[in-house]
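Below: the structure, in structure tokens.
Each chain gets a letter, A, B, C and D, in the order it is written, and its residues are counted from 1.
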Amino acid sequence: MTNQELQQIIGSWQPELEFTEEESQFLNIQVPAKHLHNLMARLKSDPETQFDYLFCLSGVDWGEKLGIVYHLESTTKRHIVVVKVTAEERETPVLDSVYDIWATAEFHEREVFDFFGIKFINHPNLKRLFLTEDWIGYPLRKDYEDETNMILY
Amino acid sequence: MSYFSDIYEGIKTLLTGMSVTGKYFITSRKGAITQQYPDNRETLKMFDRFRGEVIMPHNEDNEHRCTGCQKCEIACPNGTIEIIWDRGIDEETGKKKKKIDQFVYHLSMCTMCGLCIDVCPTDAIEWGQNFENSVYDRTTLTRVLNEPNSKLMPGVED
Amino acid sequence: METEVVHTNFKSEEYFINMGPQHPATHGVLRLLLTIDGEIIKKVEPDLGYIHRSIEKMCERDSYQQIVHLTDRMDYLSANINNEAVCLAVENALQLEIPERVKVIRTIIGELTRISSHCLWWGVMGMDVGALTTYFYGFRDREMINDIMEETCGARLTMNYNVPGGLMLDIHPNFVKRVKDFIAHFKTKLPEYDRLLTGNVIFKKRTVGVGVLSKEDAISFGASGPVGRASGYSCDVRKHHPYSAYDKVTFNESLKTEGDTYARYLVRIQEMWESLSIIEQLIDIIPEGEHRVKTNAVIKLPKGEYFQKVETARGELGVYIISTGTKSPYRLKFRSPGFSNLSLLNHIAVGGKIGDLVATMATLDLVIPDIDR
Amino acid sequence: MILLSITENIHNWLFSVMPAEVASIVEMVLIAVVYLTVFAVAGLFLVLLERRVAAWFQLRIGPNRVGYQGLLQTMADAIKLLTKELVGTDRADKFLYNLAPYFVIITALMALAVIPFSQEFHAFDINIGIFFLIAISSIGVIGILLGGWSSNNKFAMIGAMRSGVQTISYELSVGLSLLTMVVITGTLQLSEIIEIQKSGWLIVQGHIPAVIAFMVFMISGTAETNRAPFDMVEAESELGAGFHTEYSGMKFAYFFLAEFINMFIIAAIAATVFFGGWLSPFGITESIPELGVFWFLIKTMVLVFLMMWFRWTFPRLRVDQLLTLEWKYLLPINLVNIVLMAVLVWLNLTIRL
């Protein structure tokens, strides 16, 4: 399915989505945080889209806000879409977990929690994955500073 | 009946496996794949491109090819290379010119990625094949690659 | 409520056991927290991060050439393919025209890397199920590939041979001959692998029907590489999103439908044959030409987002670059295959015995630096 | 004969210088000391042999530095182990923890007493020889269980439990397969068993059921000694080192040595019961009885090599498959085999040369 067709189909579900293809090889969907879980569930279950493979879940620190980029692929139709979401605030960012839609999200979301501090609602086992439990701060945020372990030049 | 054929098949596969190892046992005299390392030092030859350590070749007049452009220092991901340079006066033209004082190479930090050698415009540094770099004191791994009183080979900068 | 208390009094006791971080079967510093009832595994919880080096954070300060050398240290068994992923992403972003020669050589080297990784896996797989001799036979064949790599790239494990724009050096004059020697040698040795381990009745008993992963679960858990393909899930990036010279060669995606440990084993053995055939197709038609395209000394990607998938020996490696137009990426994410494959360990190991867990883990082919990055 | 005359002389001398009771005790102690030294060294040699054989299977060289072709390597290892610190775990049951290795090594050495190395070289020719062997060899597992339980380590515990299950099961097959041969011989005394084999080795006399019994004995014997492919006890890819995880120094060495002596014992029993012990093939050296030891060791070493070959070729079984193999395959085969053998003997179908 081409990107235009995808945009038409997905755009008809919810009005608040922003689509863009600029600066990216895939179709990008910017979704408000409150609609994230709905959209994701629909993207997977809808027979026309069938995005059943979440191949990349990356946390990104956009500066003012923290966000997540989901790369989705359909293993039957072989089309790819990128869903982007940003959390409301920077200090205690909260987003819906997509663990119940794609099981792989469990580990990926734990990784994001570990490095960006985004909390996921309904996540079954949200705790530090790589770092120790008592680690202070979230290392992949842009404002993270650690004078002993980081060499910046 | 499959009970007995299972036993038969099982024993057959086991014997096949034993024949493989048995063959190697019998031919083990032909030679092992392992090397008896410190004993075969004389015959052990590394490949030309082997990345053992970064060296700076000097010619017989104690001249090297490093102009001190610091491209390698920038290219290095780990801060392995430090170039200490100053400005000397060129004897022919009398102009001030950048020249290296010390080319410091921290072997202990080097990951042998080869970016410095790749980026060097004058081929001043290259790979040495020595891989026996273990020492008792870590500080001895910090080396100055240019020899004392060495100078730039003429014609390199042109 | 009271009946429940009585019931729990008679429950057999579950206990924790720490498998790792120093344990022969975890192949590195993976720590598994096992909840065990007798020998039966009730829960597996991986505890990661023992060799996390935060490569993603380091990438945010490094130039693109430097990032390539960091990827060597992720999945060190398919270092060249990791290099290739970053290089392809950068080249696509810059829209560089890569010479055919580079593409073919990259493909050959990539497949050699895959074979060498699978050889090591085969040896270690045998060792995990108790056949210690396989280790040395696997390493013997891997050694030949290592020599090829050493002669051409200069290093045996962390080659850093690819650079954005092509290859750091042209192939060594001996390369073609050595690769041909290796193919001839390995074709006689692969059937030996089968005779020693594949057909062995004990090995089959240990692996058939153990750690079954269904196709739906494989997709949901993001399994890729041989793990996914053993479940009947066609996930070969080389087929679906061809890169380098994979669109020029014909090869079969080795698929099995059983999804158990034995199927994963067979898929990898089959992949070695396929890799051999790919190398054979390409080794005689390496085109003449440049081995490298000139790039700027400081590579600045145009503003935007770039994603590149490659198929490493373990599965799908994704490189996601967000660039703001500076010399370093704003954010670089590696979607590593081992990470997703590890996440399904709990799902398939529960209910098995400790021996099953070890066999299952061996066929997931985990490389811990790849997971920890 | 020379050996015999020396022992005879010592025997006479001892009885001449002291009272008979004291002399017999001294004699027994002397024999024990001789056995201990000989088999400690033999065990070390077996360890070396295993390492060299493994190396040859695996395209390696093996230890070849200490002494000629590495002959002193395991000696050096033993001396190193003797000087090592004995490290134990906290909250271990110290008494049992320390006791366990001795259980294992003593039972291993005790079994050696009844094995006839040659016509004269036979410490204790008891008339229930085979019964004694079976009984003794099942005591060793107590040591393993104690060691695993008392070292306060879960891996060791699992290993010990596996070992208990395994030894108890395979004890049956070892016993029954030997019993099959006893049907032919009609005696449990090892010297008499060898005497009977002067008219053909038992594996020839009993042909089909004897071959089956031999195979079953080798499989269950390998299992008895906890060697691969039945090394569930110390499956290093699963349990680290199994029951002896927490042992170090000489205590660890006892376990290690006992494993090799046990392997030697199993091979020695098989050589005695199936292959005529110290008898030479076709009686070629019947006139020179000194060569009995030589033939015995040759036969034993061939069987030891066979066990090593198993170890370095096969993957390890899982613990439930181990029991399946015993209870569903070996035991029924064994029972049928005994009946078959009895019928053979009854119908006089055995082959006697």
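For this structure, a couple of remarks:
Throughout what follows, contacts are C-beta pairs under 8 Å (C-beta built on N, C-alpha and C of every residue); 3 or more make two chains touch, one makes a residue touch a chain.
Since the model is a prediction, treat every value here as computed from it, not as a measurement.
If you take subunit B and subunit D together, the chains in touch with both are C. Spacing of subunit A relative to subunit B, judged by their CA centroids, is 42 angstrom. Spacing of subunit A relative to subunit D, judged by their CA centroids, is 63 angstrom.
Centroids built from CA atoms put subunit C at 25 Å from subunit A. The distance from the centre of subunit B to the centre of subunit C, each centre being the mean of the chain's C-alpha atoms, comes to 26 Å. Shared interface positions of subunit D, defined as residues touching 2 or more other chains, are 57-60, 312-314. Residue positions of subunit C touching 2 or more other chains: 133, 136, 140, 196-197, 200, 202. Multi-chain contact residues, meaning those touching two or more other chains, occur in subunit B at positions 14, 17, 20-21, 33.
By the definition of touch given earlier, these chain pairs are in contact: A-C, B-C, B-D, C-D. The touching residues of subunit D, counted against subunit C in their complex, run 54, 57-60, 154-155, 158, 228-229, 231, 235-240, 312-321. Subunit C meets subunit A in the complex at residues 48-49, 52, 54, 56-57, 61, 92, 217, 219-222, 224, 233-235, 240, 302-307, 309, 316, 318, 320, 322, 331, 333, 335, 339-340, 342-344, 347, 372.
Every residue of subunit B that touches subunit C in the complex is listed here, in rising order: 9-10, 13-14, 16-17, 19-21, 33, 47-51, 71, 75, 77, 111-115, 118-119, 127. Within the complex formed with subunit B, the subunit D residues making contact are 53, 55-61, 309-310, 312-314, 329.
Subunit B makes touch with subunit D in their complex at residues 7, 14, 17-18, 20-22, 24-25, 28, 32-34, 36.
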